[in-house]
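Each chain carries a letter (A, B and C) given by its place in the written order, and its residues are counted from 1.
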């Protein structure tokens, strides 16, 4: 089917090829072009500029070291920063590759249709590009109202556009971080404790005696301070219990690994709860003082014995008892890690609830070695007029569904963009920032429908990600090392702020996100919302309100403040009112009951792979952040493609060899665009396969990432939606192997 | 199942997935060195034995090959250097522990000797030759007078050169296939055999050819014996040595080694030479060409295969 | 003085931070690396054992690369650090052949290159870049002759192994198991 919006692969200009030739002809062999920059430079000869990392959401603060020629040589963690303690992760260290990636977006681009009907991108000036976006925003406002302009955002650049849209009158935004990632956990912990676990999560791994990881693979996700604290916990001899169908890195470093059958976690959790209650191992004082609903819970889990769970999870009852006792023995210094990417099977909020309940029974919420009370610095907003309340917002798409959603749901924003779904409030145009929708949205067909239906898409990014191919206007953003950004003020043990300032001038014709937002805002007559010349004025004003200044922060990068909200932990027997309907920790959720959901989690059976199919489990590699770093020259050196992990028994059955290329086909007949290499390994169960997420890019302009590995997202066409908050469960997809190139078989392939 | 893999994407050119830092240049260098050593040794030998007149081709003609081979060999070595402009650093120091340095110095000595040797016969070979300068004529007379002593020096350095071509490889403890002391004598014998083959090819004197063929047969026999010995040594060795031998006993180099080196490069030409000695008519270039080809293949295969063998992984 | 490194395989997560930090600190060209990570998996699901090893030049006490170097470019510095002097190296490749750990490579500029233990940092009392960045603190560097150095303390009460001890090179990377 011909679509209105042809996917344009941003075409290459000759420069890259010329550079390659130079390199090929270069010094090899004769050392004639002896380069002076080869040897390492000592830190004294470099100038450090404070920044915080934008390669992932952990936002570690660090220093970008610039040499005399104006090149960023390295990025090193800020020793005073609680997110990293002076040690950046591989992505942060390799962040320098984001700046020097020669495939970067270099100048604004505007989609044009040639006489023959083909579409292409024309290089444009900023004036043209910004005018085009602003004019479209005016048009949408007149025709449909500002609410019809939607925003997909992630990270700090998204924040700048969010401010623009709020000033313009729209709150039709959604970010993948909620419904496609950690949303269920937020709803679960909020309904249990009346508080969120935050980001960085308030897990006191540093001081824990027992760390429980359920499908959470610290070490493969490089959530920096958690990785560091887990390492400290290993040193201190803490018990680590890992529940994972895959022998993850964390599993390998654990005292107990429970190789669970996928999709049965709730059964294990309920059996643990059963053991704690019926063996009398739970923290009785804590539970009595702070919780509501123990009797309901006790009754509910009566028959959920380890023997019952064994039949479901394949974990032996003795292992279940042993691990439950280990937790109780360590309580209250137990971290039941709430996880982060928790959208698996559609009952994920309930699984999160079970984890929260377990935490409560162990008396670990608000306790040393459990979960602490985080505190952040509240950065005052730079003065601007009040935002007009939109007539409708993202909440209205849900139309009563997903009552506990606290943020816009991306898939709902997509559906609201397609007229055939008949949403009362429809979206007509998008801004997209910092998120590569084709590789991050489940159900790619829905994305394509929506992208085709909307009238206009503007994408702000630093790289020619797949999403830019769908844009009408591409706005090339300067990387985080070339711009000012909002002050980081995430909650932590100690309240703190961090500064990001440009280490070098923006390369090419790129501009900071704040500048782009302001320029569009000015064109829309929203000057009062952008009442500054340079964003440093905003930051300086805010910092002065916080008792410091831009000048001081340039020297220190991170500033810590004393806590105002009280101690990190609950005192013994201290009275505490939780922000829930009952004022207590809700083992029985009154809110859930009111909304017609199970007030106490229960195990439901999920579909299993049909014959010759395997459950697709996807995850993280420590050196990449989703699909955004695949082309980074430093990080693609570390890992340039993903592989599909296959158990040796399965490999034998299919005759698959190590490094053999296969295509994957899922239960709905979707086939990967690119082949992926097989890794035959004992680290994965025989009923599942595993892939690292973020590969299989389809844009040729990404010279290192194009066609390398396969995209797991292409295999996710079946989405199990969580009725509580709209989470998109993605682990219910099953794949099989194609050993021959499906393109060669033409149309004879039967789905 | 045991699995061991790089997880940091290591894929260094010429190092991964297996070492291949030396290509055709080093085997050619070793081959030409061995060839020159063989040619020069027998030239010296027959002079010392006073059979100069009987062995005209061996003493006068064949040595012309030596300086050419040595220069080409050094050229191949130079080609292989990755940091060529610093080549002179080789001659700023003497490092007895380094076979590479050792070889550089050996060549520094034997190459001029080979030139002098050839020069001392120039007037015999080309009667019209004129040195143009008086001092050269004097020098020539001097060399001719003491040629026997020069022959002794040349023989000793030929042996050093021949052994060196093997030791260059055998000194690498990290490459189990090379790390055997048999490689020195083996390459020496093989080098001498190629030298003899080249001389036989050049010689037009039936008697001289027969004498050389008989010697060559002995060398081929010894070479075959040493090859068997080589593998026996590996198979009696550690796991890494056994793995190295397996490359030739069923592994990826089995066919190329046994067919090209042993069968076509040694046994077949030896048979032909024997038949020739028995009076059968054999194309006279054929055995020599095969031996030379086999000699090069032997070194090429040893260098390629040796780089794959390793201690780890 | 004897510099050495200990690598705690029980804590390493194989993230590759040491590799990138080395690359940026030492300007290692893309496509090359002075350190790398090996993952070893043993056993059958679910009885498994996994080990990550951050590897680099072993700065051997009995270093074959130094012995086989024809020009003396490969040499041993104070503290046992094995170095290559670029302007003396002819790029013959002998040291690359001699290394049982494949720790050396031919730099695009022609000379042979490898881990230097970040000698430019060590001389100033700093740790090598890989040690300094490691999020799990699984790398320990220091002087073995000093009983209170980080590396001495790290190997004191732990079991350790070295790689390819049968090669007889007396390697100075200690893998804590």
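In this text, a residue touches a chain if its C-beta (ideal position, glycine included) is under 8 Å from a C-beta of that chain, and two chains touch if they have at least 3 such contacts.
Computed from a prediction, not measured in an experiment: that's the story for all the values here.
Student: If we look at subunit A and subunit C, which chains touch each of them?
Tutor: B
Student: Select, from A-B and B-C, the pair of chains that is joined by more C-beta pairs in contact.
Tutor: The greater number of contacts lies at B-C.
Student: Taking each chain's centre as the mean of its CA atoms, how far is subunit B from subunit C in angstrom?
Tutor: Computed value for the inter-centroid distance: 37 Å.
Student: Just curious, how far off is subunit B from subunit A if you go by their C-alpha centres, in Å?
Tutor: That gives a centre separation of 63 Å.
Student: Going through subunit B residue by residue, note those that touch at least 2 other chains and give them in order.
Tutor: Only 1, 3, 7-9, 82-84, 86 qualify.
Student: Which positions in subunit A are in touch with at least two other chains?
Tutor: Only 28-31, 623, 637-639, 681-682 qualify.
Student: By the touch rule stated above, which residues of subunit C touch at least two different other chains?
Tutor: 14, 16, 19, 31, 33, 41, 43-44, 52, 109-111
Student: Applying the document's contact rule, which stretches of subunit A touch subunit C when the two form their complex?
Tutor: Residues in contact with subunit C: 26-31, 34-35, 37-40, 42, 73-77, 87-90, 93-94, 96, 219-220, 222, 224, 227-228, 230-232, 234-235, 247, 249, 252-253, 257, 259, 622-623, 633-635, 637-639, 647, 681-686.
Student: Help me check something: in the complex, which residues belonging to subunit A touch subunit B?
Tutor: 28-32, 623, 636-640, 648, 680-682
Student: Within the complex, which stretch of subunit C touches subunit B?
Tutor: So the residues of subunit C in touch with subunit B come to 14, 16, 19, 31-33, 35-44, 52, 64, 67-73, 86-94, 96-102, 104-106, 109-112, 163-164, 166-168.
Student: Using the touch definition from the top, list the residues of subunit C that touch subunit A in their complex.
Tutor: Listed in rising order, the residues of subunit C that touch subunit A are 10-11, 13-17, 19-21, 23-27, 30-31, 33, 41, 43-46, 48-50, 52, 108-111, 118, 120-121, 124, 129, 132-138.
Student: Please output the residues of subunit B touching subunit C within their complex, sorted ascending.
Tutor: Of all residues in subunit B, those touching subunit C are 1-16, 19, 21-22, 77, 80-84, 86-87, 89-90, 92-93, 95, 97-102, 104, 171-175, 238, 240, 307, 310-313.
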